[in-house]
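Shown next, in C-alpha cells, is the structure this report addresses.
The first chain written gets the first letter, and so on, giving A, B, C and D; residue counts start at 1 in each chain.
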Amino acid sequence: MDFQLTEDQRALRRAARELLAKRFGPDRLRAAVGDPAPDRALWRELGAAGFFALRLPEEAGGVGLGLPEAVLVLEETGRALLPGPVVACQLLAGVVDGVASGEKIVGLCEGGREPVLWEHPAACDELILVETGTECRDGVGGGARGRTAGVCRSAAERVSCAPFASVDPLTPLARVTGLPRAEALALDASRLRREAALLTAAQQLGSAARTVELAVAHARRREQFGAPVGSFQAVKHLCAQMLVRAEMARCAVYAASVTEGDLDVTGAKLLADEAAVRNARDCVQVHGGMGFTWEADVHLHLKRAWLRAECWGTAGEAEELLAAGLIT
Amino acid sequence: MDFQLTEDQRALRRAARELLAKRFGPDRLRAAVGDPAPDRALWRELGAAGFFALRLPEEAGGVGLGLPEAVLVLEETGRALLPGPVVACQLLAGVVDGVASGEKIVGLCEGGREPVLWEHPAACDELILVETGTECRDGVGGGARGRTAGVCRSAAERVSCAPFASVDPLTPLARVTGLPRAEALALDASRLRREAALLTAAQQLGSAARTVELAVAHARRREQFGAPVGSFQAVKHLCAQMLVRAEMARCAVYAASVTEGDLDVTGAKLLADEAAVRNARDCVQVHGGMGFTWEADVHLHLKRAWLRAECWGTAGEAEELLAAGLIT
Amino acid sequence: MDLTFTEEEDAFRARLRRWLGEVMPALPAKPAADDWPGRRAYDAAWQRMLYDAGYAGLHWPEDAGGRGATPTQHLIFLEETERAGAPYVGANFVGLLHAGPTVAAEGSAEQRARWLPPILRGDEIWCQGFSEPDAGSDLAALRTTAVRDGDHYVVSGTKLWTSHAEVADWCELLVRTDPDAPRHRGISWLAMPMDAPGVTVRPLRTLAGSAEFAEMFLDEVRVPISHRVGAENDGWRVTMVTLSFERGTAFVGEVVACRRMLGALARTARDNGRWDDAVLRRRLGRLHAEFAALWRLTQWNVSEAAAARPPGGGGGGVPGTGGSVFKLRYSHARQELYDAAAEVLGAGALDADHEWVAGRLSSLSYTIAAGTSQIQRNIVAERILGLPKGR
Amino acid sequence: MDLTFTEEEDAFRARLRRWLGEVMPALPAKPAADDWPGRRAYDAAWQRMLYDAGYAGLHWPEDAGGRGATPTQHLIFLEETERAGAPYVGANFVGLLHAGPTVAAEGSAEQRARWLPPILRGDEIWCQGFSEPDAGSDLAALRTTAVRDGDHYVVSGTKLWTSHAEVADWCELLVRTDPDAPRHRGISWLAMPMDAPGVTVRPLRTLAGSAEFAEMFLDEVRVPISHRVGAENDGWRVTMVTLSFERGTAFVGEVVACRRMLGALARTARDNGRWDDAVLRRRLGRLHAEFAALWRLTQWNVSEAAAARPPGGGGGGVPGTGGSVFKLRYSHARQELYDAAAEVLGAGALDADHEWVAGRLSSLSYTIAAGTSQIQRNIVAERILGLPKGR
C-alpha cells in the first residue's frame, strides 16, 4: 500500500497546472466570464497535450494512463475554472472520433432527470445521453416504461432544447426537450455514469482546494484593526475547517479513482460537492464585501459548485445509496 | 402589544430564583446528585410559596395567575436543576388533592411511547397517564385498537414497572409495563400534553440560559496563554452563539405561553430542546477538561436536557407538525 | 407579556390598511432593476404619498417633522405595508433610516430645516459614504481626507458600497479631519452634494450580477463647513448614535416576507413532489419555528424600545444589543431559507431567472453587510456577555 | 496511488491473523472497569503475549528493542487486532505510545536499557504527568517545581488527567526546573517512580461516571537527577518530539470500530423501525462516507509517514500535520456517530447501561483531550496554511 501520488502523477499534475496557467490565466478567465464558449484553439492544445486521450491505450494513440491520472487532470480544470464539457470529452475520447485530439467537443447528459440540462449546448458537436434506468427513445426525462440502461448519441443540431438561464456565467445551459433519431453507443451506462460522477467530484475537489488558497491569500493580505484578518481566530478557524473539508474530499476522491467502487464514488461525490459548495461560501465570508463583488473569482467557484452538485447524483441520492450500503 | 415581562412577572421570577437559591444551593444540588429523591420539606415549602397552585383561581386557594407565570417559575427550576416532577405537580395541582400544597407528589407519563418512562417513580404517590391517541386500558404502549384521548390516574404502588438506569443522575426513571385499574380523569388530554410540552420547554430554556452563564463565568475566570480564555474569539463566538440560541428559545417559549397555540408550543419546544442540548455541549467545550468532570455542573444540564428532549414531542415529530402547518 | 394590540393600535392598523387598500391598486408598475432614474421617481412618488397621508417619518420625533408614533405603531406600519406589497424605503433608505435621524439628533436648527423636510417629502435622495476599500469591518480605519480651505473642506478619497449613488442628491460622508488624532477621534460627518465637482460614481457589480452599489471617487471636492453635522472630529460619535438605531426594525418587512415565502416553498414542494422528501420537509418545518421565533424576537425588541422611549415621543428608545442577536440569527436563517428554496427547485435552482435564485445570491451578503457575523459575535460576546475585549 | 498490499504485507497480515485466531479464544475474560489491578494484569499479560510472539514494539526502531516494522505493517497490525477484538494498549498506553518513544529517542544508553525492555514485556506500567489545574491547553504554563538537592530533584505540584496512575510504576513528568526562564525554556522531563514518598493519587471522576483518570499530588517527592531524560530545561523539546508522533495512527483501531458500529446502527434501526425515518437514514449514509474518508485519510497519512521513514528502519517518519486535520474531523465525526446512535435508540438513549450511551458520553472528550478542536484549528491555520500567529 502506498496511498500517495507517484512521481509520475506529481509531474502530470504539475504539467496540467502549468499548461492551464499559461493558456488560461486570470485575463482569459475574465474574458470567459463574458463569453464562456470553450476556446477551440485551447481545446486542440489540450488534445495535443493528451488531456483527453489520457486513458486511451498507447496503441490507440492515447497516453495509456488510468482513472487516477484523469482525476488529477480534472482536479486542475476545476481549480482553474476552465469552462467547457471537460468531463464529457475525457470520457468520450476514443469513442467519438475527433474528441481525443480536441477537434470535436461533445456534451454528456443524464436522462431521467427533470429538467435534463445540457452544458455548453452551442459549443458541442454532439450530445451523448446516458440513461441508467430508461431505454433510449425519442424524448427524454421521466416515465417508467421500458426502463433499461443505455447510451446514445445525437448530432447537436438535431437536439431540441429550450433556453435556460444558467446561474453559472461560465457554463451556458439548455434544457433538452427531445433527442430524435438517437444512435445507440455500445458503452456500459453505469460505468459511464460512475466515471462522470467521479470526474465531476475531482473538479469539485480542485475548486474546494482553490477556494482555500483564495481565502488564505486574502486573509494574509487584507488588514483590518491593524492586523491581517487571518490573524483573528474567527477567520483562522474558518480557513482551517475549509482545509479539513478539502482534504477529506481529496482522500475520498483519490481512493475512489483507485478502487472504482460504486459506493466509494458515491461517497467521494458527496464529500467533494459539500467541500466545493461550503468552501466557496466560506471563502465569500472570509473575503467580506470583496467576496460579494463580481470581480472576485470566488462567486464563479460557488456557482459552478452548485451546478456540479446537481449533476451525476445529488446529496440526497448519495446519502440514500450509502445508507443502503450499510445493511447489505 | 407589550412583549416584555410585567413588573409582577419580574418580581415572581426574582422570588422563585431567590427561594431556589436559598433552599437548593450548590451543596444541596451536589447532595441531590447522590440521592435525587425530591426533598419533601422543600416540596411543601414550594407548595406554601404557591409554586404549584400558581394557576389555580384564588377562590380555590391558588394564586390566580396564568401559563406565562408558570413558565417563568419552571424556567427557574430548569436553571437550578431542581430534581423532581415539577411539571407534573404544576399541571395536576387542583386536580389531584394534596399536590397544590406540596404534600403529594405525582408523576405524569405520556402513553403510546416505547418505552413509557416514569420520572422519580419512588417519589411519586400517584402516576397520571396521558394518552393523546389511545384509550386508557390495562398495559400501556403501542397498539392501534380503540385509540382515543384520555387521562387516567393510578396509585403509584399499583403501577408495574421495570428498572431503567437513567442517564441523568438527578432523574431516576422506571419503565412502565402496566397501569392496572386506572381511574379516568376528566381532563383535556391534548391540552394537558401541550402544557406539559410548554413547561418542559420552559425548563429547557432555564437550563440553556444557565449554561450560557456558566460558560461565560468560566471563560472570564480561566486563564490560558496569559489571558482569560474568553478573550479568544473562538471561545467568545461559541458563547455568543449560545446566547443567540437561548434568546431565540426565550422569545418562542414566552410567546407560546401567551398564545397557547399548538404550533407555537411545538416550535418553542423544538427551539428550547435544541438550545438546552447544544448550549450544554458548547458549555462542556468552553470548560475544556473541567467540563468533562463529574464535579462541574454542566454534565447535569446536558443529561437533563437530553432527557427532556425525549419528552412531550421530539424534534422529528415537531418538525413534521410544523411542516404540515405550512400548508394548511 | 401582552401580544394583543390596544384599541388605539388596532385603529391605527385598520386606518392604514384601508389607506393601503385605496392607494395600492393605483400604484404604477415597478420600474426595471437597472432603471435608476425610474426607480428614484417611483420611490420618491411613494414617499410623497406617505407624506401626504401622514405616514412619512412615522417614528421620527415630532420636532423633526415626524409623527411621533410608538415603536409598536411603527412595527404595525412595516408589517402592513409589507403584507400589502407596498414599496419599501428604496432610494429613500439612507435619508429616512440614517442620514435623516442623524441630522434630527445632532444637527443645528438650520440643518434640520434644510434637510429633513425634503427627505420626508421624498424630494431629496441621500446616499451613504462610509465604507472604503481599506475600511470595511474596521470602519474607523477610513482614510478619506478633508482639509480646511477657508469656509470649505476639500475632500479626497474613495468610498465603497454606496447604494443609489447615481441618483442621490446628497451623501452623508465620513471623512478624516485630523490625521494625527487617535483613529476614532479625527473623523467628521459631512453632507456632501452629489453634484459637486470632483465626485465620480462608478457602478459596482455584485455577484448577483446587479449593480445595486457603486464606488465613489472624490477628487478635491469642496464641501462647505456649514454642511458638517456635529463638532469637528466628533463624527464617529455622531454616526454611531444612530447607526444601530434601526437595527431592531430594519428587517421587519423582510421577516414578514420570509414567512410568506416559507409557505410558498411548502406549496411548491407539494406541487412538484419534493414534499415527499422527509429531509426537506423537516427542514422547512424547522424554518417555520425559526422564523416564528424571529418574529417574536422582533416584537420583544420593539417592546423593549417602547419601554425605553423618551417621554417627548418619537420612535426612540436606546438601540438595544438585541439587534445583534437578531441580526446574527436572521442573516443565517435567511440563507438557510434560500438554500431550502434551492432544494425545492432541484436542478431548477440553476435557473438564474428564478426570483428565488436571485434571492439566494443576495442572501450571501446578509452575513457580511452592516457588520459581519464575526463582528456581531464580538459585539454580543463583549457588550452583552461582558467577555474581555481584544485578542 | 496504490491501495493494494505487497506480498510481504499480505504475508504479515496472514501470519498475524493466524496468530490472533490461535490466542484470542484462550484470552481470559475482561476485568471490570473499576478493577484496576485486574486491568493492569490483563493488559500486562496481553503485552507479554505480543512480546513473546514478536509483535511488541512493532514500529519501534530495532535499536530500541522494537521490530522496525513499516508504518503500513503497523497499520495492518492495528486493523487486524481491532477486527479480532484483541485488547488495545490499555494500561501500557503511555509506556508504548509516549514515554517509551521519548526514552528511545532522547534517553541515554543506560536509560534505554533500564526502561524500554520492561515496557515492551508489559512488566512496567507508565502514566503521564503533564497537565495541571492551570496548564491544560496551555501546557507550557505548568507550575510543578523541581528543585535540585544534591543528586536529586525535589518535586512539588499537582498533576491532572493522569490515567492508570493507581497501578503505574513510573510517571513521565514535566516539571519546571528554571522558574526564571521563558515559559518553554525552564521545563525538564523526569521519570518518577510512583512509589516514591510524597506521591498521592486521587481518582478523578468523569461525566461518564467512571474514574479513568486521576489527580496526582506531589509533595516534595525526591527524584534522582539520573532519571532526567535530555538536558535540564530542555524538557519541552524532548516531549514535543514524540507528542504528536502517534497522532496519525493512535485512532486506527477506533476508526475500524466506528465503521463496524455504523453497520450495527443501521441493522438496529432496521430492526426497530427507525430505518423508515429518512432523516436518520440519510444521516447514517453521510456518516458512511465520512468514516470511509477518515479511513482513507489514515492510509494517506501512514503512506506519507512511510515515505519520510528514516533508512535505519523504525515506524518513524516525521509526525505530519495531517494528524491535526484527521483529529479535527474524526473527533467531531465520532460525536456525530454517537448522536446518530442516540437517534436510533430513541428514548432508549436515556439508558445509562447501554454501551452506546456510555460511548456517547465519552465521545464528548474527543474535541477536548490531546488538544481541543480550537487548538487544532490554530495549528492547521498557522502551521499548514501559514496564517499569521497570535491574536
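Just so we're on the same page, a residue touches a chain if its C-beta (ideal position, glycine included) is under 8 Å from a C-beta of that chain, and two chains touch if they have at least 3 such contacts.
These figures come from a predicted structure and were not determined experimentally.
Farthest from subunit C, judged by the mean position of CA atoms in each chain, is D.
Chain pairs A-C and B-C differ in how many C-beta pairs they share in contact, with the greater number at B-C. If you average the Cα atoms of subunit B and of subunit D, the two centres end up 39 Å apart. Between subunit A and subunit B, the centres computed from C-alpha atoms are 51 Å apart. Contacts with at least two other chains are made by residues 232-235, 237, 316 of subunit A. Each of the following residues of subunit C touches two or more other chains: 277-279, 282, 374, 377, 391. Contact residues on subunit C toward subunit B in their complex (touch as defined above): 1-6, 9, 72, 75, 262-263, 265-267, 270, 275, 278, 281-286, 288-290, 292-294, 296-297, 299-300, 302-304, 306-307, 322, 325, 328-329, 374, 376-378, 380-382, 384-391. Here subunit B touches subunit C in the complex through residues 1-6, 9, 68, 212, 216, 219-220, 227-228, 230-233, 235-237, 239-241, 243-244, 247-249, 251-252, 254-255, 257-259, 263-264, 266-268, 270-271, 316, 318-327, going by the rule given at the top.
Residue ranges on subunit A touching subunit B, taken from their complex, read 232-234, 237. Per the touch definition, subunit C reaches subunit A in the complex via residues 131, 134, 136-138, 141, 160-161, 204-207, 209, 277, 279, 342, 346-353, 357, 361, 364-365, 367-369, 372-374, 377.
The residues of subunit C lying in touch with subunit D in their complex are 277-279, 282, 391.
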